[in-house]
Amino acid sequence: MLFKVDMQVNIPLDADPAVIEDIKREEKAYSQALQQAGKWRHIWRVAGQYANVSIFDVENAQELHDVLLGLPLYKFMEIKVEALCRHPSSIRDDDR
Amino acid sequence: MLFKVDMQVNIPLDADPAVIEDIKREEKAYSQALQQAGKWRHIWRVAGQYANVSIFDVENAQELHDVLLGLPLYKFMEIKVEALCRHPSSIRDDDR
Amino acid sequence: MLFKVDMQVNIPLDADPAVIEDIKREEKAYSQALQQAGKWRHIWRVAGQYANVSIFDVENAQELHDVLLGLPLYKFMEIKVEALCRHPSSIRDDDR
Amino acid sequence: MLFKVDMQVNIPLDADPAVIEDIKREEKAYSQALQQAGKWRHIWRVAGQYANVSIFDVENAQELHDVLLGLPLYKFMEIKVEALCRHPSSIRDDDR
Amino acid sequence: MLFKVDMQVNIPLDADPAVIEDIKREEKAYSQALQQAGKWRHIWRVAGQYANVSIFDVENAQELHDVLLGLPLYKFMEIKVEALCRHPSSIRDDDR
Amino acid sequence: MLFKVDMQVNIPLDADPAVIEDIKREEKAYSQALQQAGKWRHIWRVAGQYANVSIFDVENAQELHDVLLGLPLYKFMEIKVEALCRHPSSIRDDDR
Amino acid sequence: MLFKVDMQVNIPLDADPAVIEDIKREEKAYSQALQQAGKWRHIWRVAGQYANVSIFDVENAQELHDVLLGLPLYKFMEIKVEALCRHPSSIRDDDR
Amino acid sequence: MLFKVDMQVNIPLDADPAVIEDIKREEKAYSQALQQAGKWRHIWRVAGQYANVSIFDVENAQELHDVLLGLPLYKFMEIKVEALCRHPSSIRDDDR
Amino acid sequence: MLFKVDMQVNIPLDADPAVIEDIKREEKAYSQALQQAGKWRHIWRVAGQYANVSIFDVENAQELHDVLLGLPLYKFMEIKVEALCRHPSSIRDDDR
Amino acid sequence: MLFKVDMQVNIPLDADPAVIEDIKREEKAYSQALQQAGKWRHIWRVAGQYANVSIFDVENAQELHDVLLGLPLYKFMEIKVEALCRHPSSIRDDDR
């Protein structure tokens, strides 16, 4: 099942840069493992923002919840979730 | 260049259903031609809404504008545009 | 899979009352059939509003979308959807 | 009398994790005691959020107020309350 | 049980003034009967607006819902409801 | 002259509980003195919130301003003010 | 007593221009009579908008309400009211 | 040229009261000097708020900007600016 | 003096296309005359919207108001105005 | 390709003024280098705000993103981006 997730990252101004760099490295590894597993289908950067638009392909809302709460940057994020389904005009077999 | 476009369709309650059906047929053909040309990369339905989330791959903002204004349902739509770029964590070569 | 759906009904002031009564009767029958089938688990009235809060139990977002678009009052509704999952503190086996 | 309550939990970034874990344990016990007493009828997790949707069955607004202010996590919560009543289409005797 | 209700009245510009005057007369009678019955405790006009702030004293949310839906002007109203309870600093015995 | 005032109290999470308890005691005394003087006509708790809805009866906006700025909890409050006048449907002589 | 009032005028697109011109003439005469009586102290146009910012000096909220509801353009207006009082830094004796 | 400026002052809860008192004294002197110079035409307190509504009469937007940034309390303020012009119904020669 | 103006055009769905085409032709001529006179410095289309971002260089707010109210499409527009001044980092002599 | 960017700068109240002065000096140099390179076409100050309206001329969204994230003040900024294209009424060859 597909979900669109908008993630906005708000790093506190007084955060320790070294700690943040570590978390970002973990975040990248976490995201890429989920991409390779086919769970995190797409991720794009929003121009000018520390934010992304992502498409997840998971079993259900529970799996989405577990994946999002596992994000190393989760506690700094503002997240919006929208459940998606196949569009009748789509010609791609994988966009469902 | 990639853009995420959110389209919300608001058909007036007093519209002639036959006319609307014709416009929807044109909309579908228009969308599928652009998908086949590689301009309209993805289109998903938002669950419960007469709305979609789309990803466009166009030369620039001018081409996006021309494509959107050509939508047969354009005059009934509320549209939001966000410019996207490649996310540094992405593993897909085509999401740029 | 569970979804919370908020439905706000906006009947146009110039609608024909007899037509609206017919649609409301169909809406009630449609809702009760889905409740008996176990798809529409709960429906409550919001006090003072022509609105309801509902819990749906469906296969996935596609089934939710089909159920909602089939609502006889759909074209008069403003709808909000939230995907739910089991709360770790819940003691009810059926709230998942 | 039924109330829908939306609770969004915002733990400060600099909170002591051990203290928070203790409060969450108390919160779970508090919630489950109220569920067993029939006061807190339903609780669902909102996918992707540290938030829940709950249905309370209490004597009146005063009892709801006392129950909510007693939540161990109350000071971290943003809360919305809506009074509910039986929906005329409902087929469940207990959703009133 | 007490509820604060904010009512904003939006009469359509093309409404027949004679019909509206009739409805307003019915509204006044309806409101005064409920005030005399002790159900509608207070009603104040908001300065500069076709709006009021009201305090209702009803058995429960169901009675409030029935009272509000019975308002002759209901279909022109935008309504907000808040459940109230006794304030610990209040010195009036009747504000509960 | 009557004003409706909505007060939302936001105590900082790191406030000293003993200091806050003192301020709340002063707030209660301050409110009750004004109630006894007939300036603060009504105060109700909003269910589930650290907030109240109040009706003030003061000479003019200047007196309202002085009364509100004198609130011991004022610096923690978010305040909304609406000027009220007698509603033509009201049957109470004192709601003016 | 002073009030700041923001008035936004929304003339319906299908209004009869001759009728609107008549109402605007009445509005101007009504406004100027109140200005001469000292009730409507200031009126400024907001640049680029069919809107004004006004300062009224009236006995109380009831008089303000009566003045505003008497505006010939009232039914086309969106109105915001704020009660004002003397600013301690003001050097003008008349701005109270 | 006239501008309406809304200023909302947000003093941080942990500010040193003595420092704030000094800044407020400077603010008052700064405001009164500009009032005497005819640049700051009006200033009113918004009832119940630490906020004011002001009318400035300056050469142009640059002078307004310089005046506002010079406010001793500027860094604590949330500011809204609207350019004004003479209202065709105004009878005052100085409200332009 | 410079102003940024955002114009959003909302043509009613039932407008006569021939009439609208005429108004758009007038709008273009009106805009280009003002551009040639140096009053309307810049105009850009917002991608995907029937909207523009414009920079005006006028004597004062009164001239801006007259120019905007003269727009043939004015009655269909939602307009936002912001007064601009020279940015201290700007290297262009004409952006003041 | 053109983008309009609105930048609002929020310097924390407890920031070290000397550090902020250094960052502002870097910001100015960074901005002027990009202006000289033709990437940052226009920058205007919004009157009364620590904010600017800017027009960028970049290859694509990726270049815009890199330019914005490189701003020395970026971490203090709230940013809004809109993709622009040539307006059919524009008479300037460079506004594309």
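Every chain is named by a letter (A, B, C, D, E, F, G, H, I and J) in the order it is written, and numbering of its residues begins at 1.
As a working rule, contacts are C-beta pairs under 8 Å (C-beta built on N, C-alpha and C of every residue); 3 or more make two chains touch, one makes a residue touch a chain.
Each chain and its UniProt protein: A, B, C, D, E, F, G, H, I, J = Muconolactone Delta-isomerase.
Note that this is a predicted model, so its numbers are computed, not measured.
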- Between B-I and A-C, the pair with more C-beta contacts: A-C
- Query: Can you give the whole-Å distance between the Cα centres of chain B and chain E?
  - Reply: 45
- Taking each chain's centre as the mean position of its Cα atoms, how many Å separate chain D from chain F? 28
- Task: Provide the C-alpha centroid distance between chain G and chain J, rounded to the nearest whole angstrom.
- Result: 40
- chain D: positions in contact with at least two other chains: 2-3, 45, 47-48, 61-62, 64-65, 81-86
- Task: So, with touch as defined above, which chain pairs make the list?
- Result: A-B, A-C, A-D, A-J, B-C, B-I, B-J, C-D, C-E, D-E, D-F, E-F, E-G, F-G, F-H, G-H, G-I, H-I, H-J, I-J
- Message: With touch defined as at the start, can you tell me which chain A residues reach chain J in the complex?
- Response: 11, 13, 45, 47-49
- Message: Can you tell me which positions in chain H touch chain G when the two form their complex?
- Response: 2, 4, 27-28, 31-32, 35-36, 42-48, 52-53, 55, 82-92, 95
- Contact footprint of chain D on chain A as seen in their complex: 3, 5, 12, 61-62, 64-65, 68-69, 75-76, 79, 81
- Item | List of chain D residues in touch with chain E within their complex | 1-3, 60-62, 64-65, 81-86, 96
